[in-house]
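Shared between the two complexes below is chain A, which pairs with chain B and chain C, respectively.
Take a look at the complex of A and B:
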């Protein structure tokens, strides 16, 4: 068991270290998040709607699109110089590889979702409401579900001739529950509604994340076998 | 069963299904009583609901055979999955076109983000992804595995999609047949609905078997083409 955890840890560390050195994906996702918020600010006519009213939905859309940008490139580096073969022939089982990749992606996307939240507070002057920790939990659970499905389907789409173009077509229909519960909870919390009102959403987001991680860990081996 | 046998069975079921379809149309135009509040527009029900049922059946079959394919790696299971998924797409498209037509008259709007509408639309897109993944891999074996993964994840995600869209409440009529206190649909309407359900199911299996036989022939031709090269 501890060997298994070590294998996961090594893969997470490898990915995060690479990211720390190159800063490729985090820079792209971060810049995307800020620029998307800037465009949203001008896309909304403030004489018709108050930006605060639509902010929760926009936060989630920015997360989804920004996440797609980074998660889609999960296996980009491995696709070069036969590195994928090296990773797969390592003694680590395939599901450890998947979990490692997912955790590393989660770390990235979670940071980005906090950035998105900050940017929207700054540009749209949205309020976090009285329970910001619950809000962060909602974002974290959403990000976890997203990266689990995203990592699995990034492996699928990087094996096709269409590449990353295919990724949104494959995961957007699957992400609807996450967007409904996540954006619903976010807008209620921001409107200072009681936490009890979003308990159901948090539970469903948690269940969705657990399902996504379990399914990914089970099916990943079928995607990468060769 | 040999391919020729499957083809004959498929042909027989398809002809039976098509003849049944003529009967269903005749009954729904000339025999069944007109619904009181919605008038003649309600007759689209006898096409819409059976198409919905058949597409769910077909997509379920596709997900099931996909899962079995990943487990047993028998090419016949993969062929069955493609054929079922294609049938599902056809019947889901029928449901998605008859729905808005009926909705425009009954609800006054073509589209609404109502649970079952949203649900079907997403299922249609999940299986669109299934076909796109299959056709965009250089190695067909890889395409089969990828597509099976898409179908399985789709099937497991469906309960979540269903719960989440129901959370967004609805205009759609509540079930009139399958409910604890028994069907509330008037007798002749129920008879026609059940007839139509049977006919659509028979037609689906007819088309499914024909398509399956075709896929078998195709893989045989590909094998022999590879052998001669």
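Take a look at the complex of A and C:
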């Protein structure tokens, strides 16, 4: 068990170190998040719609689209010198590879989610509400469910000629529950509604994240095995 | 290669030894209607070095992929010391080292970081000492903290060899290891590969370079259209004769 955990840890360490050195994905996701928020701010006619009313939905769409930019390139570094084969022919179980890459992706997307939240607070004059930790939990659960599915489908699309074009088509329909419950909870928490009102949403997001991680860990081997 | 040669053994049903380390039985790999590897049997003992020659598209890399557990056979079985290949078995994978013309390296990690990464995947102990020793062995001790992407192709290939041998595997699989190397870099790699003939490792190399392939081999096979069209052991015939023989086999005249 300790070897299994160490294999997960070293894959997380490797992915985050590579990201720290290349800054490819975090820069793309961060730039997208800021630019999208600015564009949304100008696209909304504030004489007709209150920005606070639409901010939660836009936050989640920015997270999803921005996240795709990073998650879609999960296996890009592995493809450069055949390192994916090195990973897959090592003694690391396939689910350990999946979990390691999912955790590293989660760390990146969670940071981006906080950035998105900050940028929308700036441009849309939204507030965190009286339960900021619950709001952060909602974003974290959404990010976890998203990266689990994203990592699995990035492995699927990395082996195809359509590559990153295929990823949104595969993943968007599956993200629907996450966006519905996530945006709903975010909207209510920002409107200072009681936490009890979003408990059901948080549970659904948690269940979605757990299922996405479990299904991803089970199916990953069938995706990457030749 | 002054005494190296090949004794014709084309009538053998398969390469076999008394106490096999690496065995393959009835190995077949199909890609849709294309049969890349067709009913290959082999059995190699400790210290044996098999070179598989063949033209492009003969199925050599597919064969090596199946021996290394990277490709699942359509039919047939691979075993190491009698244990059938179980694709997720840690012990099974830990007994194999693979070196391809691609290094399986991360260009943004240093030479030492690449080895440490793979070492931890294999659960190796005393990793710092081991990494330093392996880098020393392939002549890269002074480049330990240099990123793999900044090393020359020859150095990267030596680093890849250090990665393949890091866990001291019983079986080493080499897939066109000289591809893209200049003569000087190929010479350095050849010297390091020669150390694999230490009597306790079993090595399979696939290549279409006759000179490099014969130099270290104790056994030779020629793969054509997925099958071993000829196989034998290094012994009596001169290298020049083998080249002539190889072309005859590939062209279907033997």
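Keep this in mind: the second predicted complex is superposed on the first by the 226 of 226 C-alpha atoms of A that agree within 3 Å, B and C clash if a C-alpha of one lies under 4 Å from a C-alpha of the other, contacts with A are read in each partner's own complex, and residues count from 1 in each chain.
Keep in mind that, in the parts below, a contact is a pair of C-beta atoms (placed from the backbone, for glycine too) under 8 Å apart; a residue touches a chain by one contact, two chains touch by 3 or more.
These numbers come from a predicted model, not from an experiment.
Of the two partner chains placed by superposition, A:55 touches none, neither chain B nor chain C. Contact with chain C, but none with chain B, is seen for A:81 once the two complexes are overlaid on the shared chain. Once the two complexes are laid over each other on the shared chain, residue contacts for A:172 go to chain B alone; chain C is not touched. Once the two complexes are laid over each other on the shared chain, residue contacts for A:208 go to chain B alone; chain C is not touched.
Legend: residue contacts after superposition of the two complexes on their common chain; A:18 is shown touching chain C, with no touch to chain B. After overlaying the two complexes on the shared chain, residue contacts for A:7 are found with chain C alone; chain B is out of touch.
When the two complexes are overlaid on their common chain A, residue A:92 makes contact with chain C while staying clear of chain B.
Contact with chain B, but none with chain C, is seen for A:223 once the two complexes are overlaid on the shared chain.
Residue overlap on chain A between its contacts with chain B in one complex and with chain C in the other: 225-226. Interface of chain A with chain B (complex): residues 149, 152, 156, 159-162, 166, 169-170, 172-174, 176-177, 180-181, 184, 204, 207-208, 211, 215, 219, 222-223, 225-226. The part of chain C that touches chain A in the complex is made up of residues 65, 68-72, 87-88, 90-91, 93-94, 96, 98, 100, 102-109, 113, 117-118, 120-123, 148, 156, 163. Residues of chain B touching chain A in their complex: 70, 118, 122-123, 125-126, 128-129, 132-133, 136-138, 142-143, 145-146, 148-150, 152-154, 156-157, 160-161, 163-165, 167-168. The residues of chain A lying in touch with chain C in their complex are 3, 6-7, 9-11, 14, 17-18, 21-22, 77, 80-83, 85-94, 221, 225-226.
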